[in-house]
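Two complexes, one shared chain (chain A), two partners (chain B, chain C).
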Partner chain A sequence: MRTGLSVRTIAALLLILLPAPLVIVIGSSFSPLAVLGFPPPGFSWRWYLEFLRTPEWLWAFGVSAGIALASAVLTTLVALGAALALQGAPARWRGWAETAILAPLLFPHAALGIGLLGWLILAGLNGTATGILAAHLILCVPFAYRPIAVSLAQIDTSLAEAATILGADPRQAFRRVTLPLLRPGIAAAMLFSFIISFDEVTVTMFLVGPETTTLPVSIYARLNDSADPVVAAISSILILLTAGLVLLMDWLVGLRIFIDVEEEGRHPAA
Partner chain B sequence: MTSTLLSGRLQLDAVSRSFGKLKAVDGVSLDIAAGEFIAFLGPSGCGKTTLLRIIAGFETADAGSLLLDGRDVAGVPPNRRDVGLVFQNLALFPHLTVAENIAFGMELRGRPRAEVQAKVEEAISLVALGGLGGRRIQQLSGGQKQRVALARALVLKPSVLLLDEPLSALDMKLRRQLQQELKTLQRSTGTTFIFVTHDQEEALSMADRVAVFSSGRLEQFDTPQMLYRRPASRFVAEFVGDANIRDAGQLAPLGIAPPAGTLLVVRPEDCALGTAAEAAPIRREGTIEALDFVGPHARLRLVLDGLAEPWLALCPGALAAGLAPGGRALLGFDPARAASVPAA
Partner chain C sequence: MNRLLLFAPMGLLIAGFALSVLGLLWSSLIHGGAALYADLLTDPIILRVLWRTAWIAVVTTGLCAVLGYPLALFLARSPRRNLWLILVISPWLVSIVVRTFGWMVLLGNRGVINTSLRGWGIIDSPIRILFTPTAVIIGLVHVFIPFMVIAILSSLLQQDRRLEEAGRILGGTRWQTFRRVTLPLSMPGVTGGCSLVLLMAAGAIVTPLLLGGLRDRMLGTQIYSEIFQVYNFDRATAMAVLLLVLALLLVAPLRLLEARLRHRLEAG
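So, the complex of A and B:
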């Protein structure tokens, strides 16, 4: 299919504009000076070393990574359970439950932050990693539920029946047929959850404590009182990490499966 | 699985299944011998697929019993029933290769790898898919997918293999070819086949016996010849092939009086036209209303003099005989060759 010149121009502009902020961030991270600026006046690893030498930064990074990892795994399990439970539910129930799951998307994050803080204080978990994890679970579930539910809906129900008639008990049918076919959805859910948890600032700001703070919140706090390029260096590391994660997922489970599914739909069996 | 030489006898006794107010299967009794090729025939929504799912164990009967080789299988789940099923959409596992699809059932049973491999090879060659074992399902054509589905079910040597309209998605030519292959396969394996279809030609050409269903009820269970020549009900006479079905009132002008409460079923090919009709016991002139040329013969619709209902006739040499729409022709038939069905 040939696309028009205007469409291609817009696409080209988008492709240039999308990574534009990244260029500024990564470029200024190599500045040898103590002021954030672009283009950098020279090249140095100074601010990367600064990050690696500061225990507070490393601690925040560790907390963020730990919370994001736990959040990715737990959120995906919760979303998988919800999707499986709602699969056969009556349409009305399902509608209500899905609205509830997606609700965190509808509320202003600042309001959510205050609300969650209230609950965490009641539970005695404010300022702890567990508290932040609980909040991130709520924030990530909408993003994890969608890809899993969509994957599940695409699986023909007769496939599980086929496994059954071939001798599989319900658990074997799930493990050998349903679960492998849910792989792209589960991978996407874990990836989304990890990245969202790792990047979250607005809600988390309300929940951090003196001992436990996350990397993005620390960056934000640092930007408020000084603008040295260490935040650019950290951001560059995060960009690299996220890109690495996406590539890793692609290598492990093949995000291409998404494309294959669509291709198959577009060209019905010859 | 069983110790008997020939397994696969299936006995259904007054099996019923309702969904709300709808009686999907209504008191169906069938005795299917081991190694028979059976077709379940009927229009969509007649209950044939529900009955198939009851036999497979995916649906439970509200009433009646189901015996497989003499054993009541009511409480046996589908995975322990020794019944195979080829799904309408085939339901091949898209994340597995052809060989892995076929090996699926044996691997669940924990058979040794060497045995699984040998059986898979055997099954692949049985359905003429040699060399395609490593292919992904998406890379196969419709006919090849069909064969994988068959191999996957047959490799487990089930007592009964259920096939739910498996050929309906294929084009006519491939369909004919696979019908023949299925028949050969059934003979060579000796497995009881139950083939669900809404295509009467498919049912008649493939099956040893055909069960005809209508609105959940079994209309007739008989050989294709008997079904065609001696239909048990008006529904069967109409559904299986074309027929001129007439009651006493409609036959009176022709001088025929069928027994009370019965209808006469005259097949179009039993109606002779022109000179061939002159020797027939019943004759009547008429006007040709329509003539469809369908290769080996022509299908005609005639309005006979003094009769309201038009008659259907099949005539091999219609064109050669100079018959054409609007023309006149003599139609004749022998009521002794006709079947009769209850008028109810």
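So, the complex of A and C:
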């Protein structure tokens, strides 16, 4: 059944409006003047060079990338462990555990920021990369868990059984059969977690310190004073990085993983 | 035993989350107690902020649902869904701060919208959109609508398409089939998406701080400035607890609706 005209109109409008602000940001980053505007009055790489020449910006970029990388790897391992532990567990337990895992997603971030800040102050970790990483692990793990759980549910368990019957011990069966089949889920979990951590700002803004701050929080701090083209240039880099990772995820796994339909064993890229 | 070991790291993270929630409640009771809450709840400024947070969150959620549903429906039926999904998911994953910045450029007095409208001779003096509640709502809808679209899309794709065909064959018009079959079956996605957007919009900080005026503070922005401008940690903690209560109150009707819908669907 085709959709009606009004549905298609609203959909088309949104599909234009959703990327529009990002296109505007990228466009205005090429301004040769110090005033922000779109369309830019000319074309120059001036503000990108300024970004590359400013140690504070580069440092914030490095901190963000480091934390995002660490949190991608760690949350994926943690989520993989949890998903395997819950595989075949009684439905009720599984339900409880999944509610607990996904809870941070449903918790107002402003309140979570304060709660975490309280503990980090007690531990003397506020304003450090370790503190921010700890917070990001809690925030990102739901995003890592979902794709792994979905792809685990899609695996035919009889394959691992077959391996066991053919003489593999459980560890071999896991390494040679289950793990390779889980690869798309693991890739999606890592990419997803990396992006969420790299872009997080609402909770992180409570946890940064004078020496350690992340790129999105520095962008926010700068925007609070003035919106100039250097922020547009840095934002454009963030946009392109995110879009690149989304395309990579589409290519590796397929975007269907986002619409998680656990019971359907369809080809994930369909 | 093996299972416990595998789950242990996740248990640690869950404990970390639970402890920060409990710590929040605990320290607001220890350091401020009833007096602090009484103080907050009689402060006319805070009451206005609470009210504003509630209505902005509700309007944002409503707009996300009304606009997001048609988009989800379109995506569910489109043969080129994957292509369109890229346009929904890429902006969704770009940092909130960057997307909000885009709206600053679009909505400002010398922004894209005002410049074009003036260029076309439609208006003489710029219309003020930036630093108003309208700007905050536009920004929040943009930030949160992908969550709604994905929630609805996922429940639309789980539907058995033959039910719709049956509705049509039995003589229902397109609209009737939508209203009596497609929409009720996708309601779990709608209520799920609405809860998510309500909770996130109520706790938003960056978008209201950057797009709203000084007089359009929401609870999240109030909490942030209480910590970083006034350095009053206890008051901020108590406000965070108020935010939790407000969020629960906002989501409660949706939960009731959800339970009732499930009951009705199961009863057939």
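In the analysis below, the second predicted complex is superposed on the first by the 230 of 270 C-alpha atoms of A that agree within 3 Å, B and C clash if a C-alpha of one lies under 4 Å from a C-alpha of the other, contacts with A are read in each partner's own complex, and residues count from 1 in each chain.
Definition applied: contacts are C-beta pairs under 8 Å (C-beta built on N, C-alpha and C of every residue); 3 or more make two chains touch, one makes a residue touch a chain.
No experiment lies behind these values; they were computed from the predicted model shown.
For A:L5 in the superposed arrangement: first (chain B), second (chain C), both or neither?
A:L5 contacts neither chain B nor chain C.
Go through the superposed model and pick first if A:P216 touches only chain B, second if only chain C, both, or neither.
Second partner only.
Answer with first, second, both or neither: which of chain B and chain C does A:P180 touch in the superposed model?
Only chain B is touched by A:P180; chain C is not.
Contacts for A:I114 in the overlay, against chain B (first) and chain C (second): which applies, first, second, both or neither?
A:I114: touches chain C, not chain B.
I'd like to know which partner A:L77 touches here: chain B for first, chain C for second, both or neither.
Touch partner of A:L77: chain C, not chain B.
Once chain A of both complexes is superposed, is A:S158 in touch with chain B (first), chain C (second), both, or neither?
A:S158: touches chain B, not chain C.
Determine, for the superposed model, which of the two partners chain B and chain C contacts more residues of chain A.
Touching more of chain A: C.
Touch check for A:A91: first (chain B), second (chain C), both, or neither?
Neither partner.
Identify the overlap between the chain B-contacting and the chain C-contacting residues of chain A.
Common interface on chain A, chain B vs chain C: 260, 264.
What residues on chain A touch chain B, complex-wise?
Residues 156, 158-159, 161-169, 172, 176-177, 180-181, 183, 260, 264, 269-270.
Give the list of chain C residues in touch with chain A in this complex.
Going through chain C, the ones touching chain A are 2-4, 6-10, 13-14, 16-21, 23-24, 27, 67-68, 70-71, 73-75, 77, 82, 84-106, 110-112, 115, 142, 145-146, 150, 153-154, 157-158, 164, 168, 174, 195-196, 199-200, 202-206, 209-210, 219-220, 223-224, 227, 233, 236-237, 240-241, 243-244, 247.
Going by the contact rule at the top, pick out the chain B residues touching chain A in the complex.
On the chain B side, the touching residues are 56-58, 77-81, 83-85, 87-89, 91-95, 104-105, 108-109, 138, 141-142, 145, 152-153, 156, 169.
Spell out the residues on chain A that touch chain C in their complex, using ranges where they run on.
Counting only chain A, the residues touching chain C are 1-4, 6-8, 10-11, 14-15, 17-22, 24-25, 28, 36-38, 77-79, 81-82, 84-86, 89, 97, 100-101, 103-112, 114-119, 134, 137-138, 141, 145, 195-196, 198-202, 205-206, 216-217, 219-220, 223-224, 227, 231-232, 235, 238-239, 242-243, 245-247, 250, 254-256, 258-261, 264.
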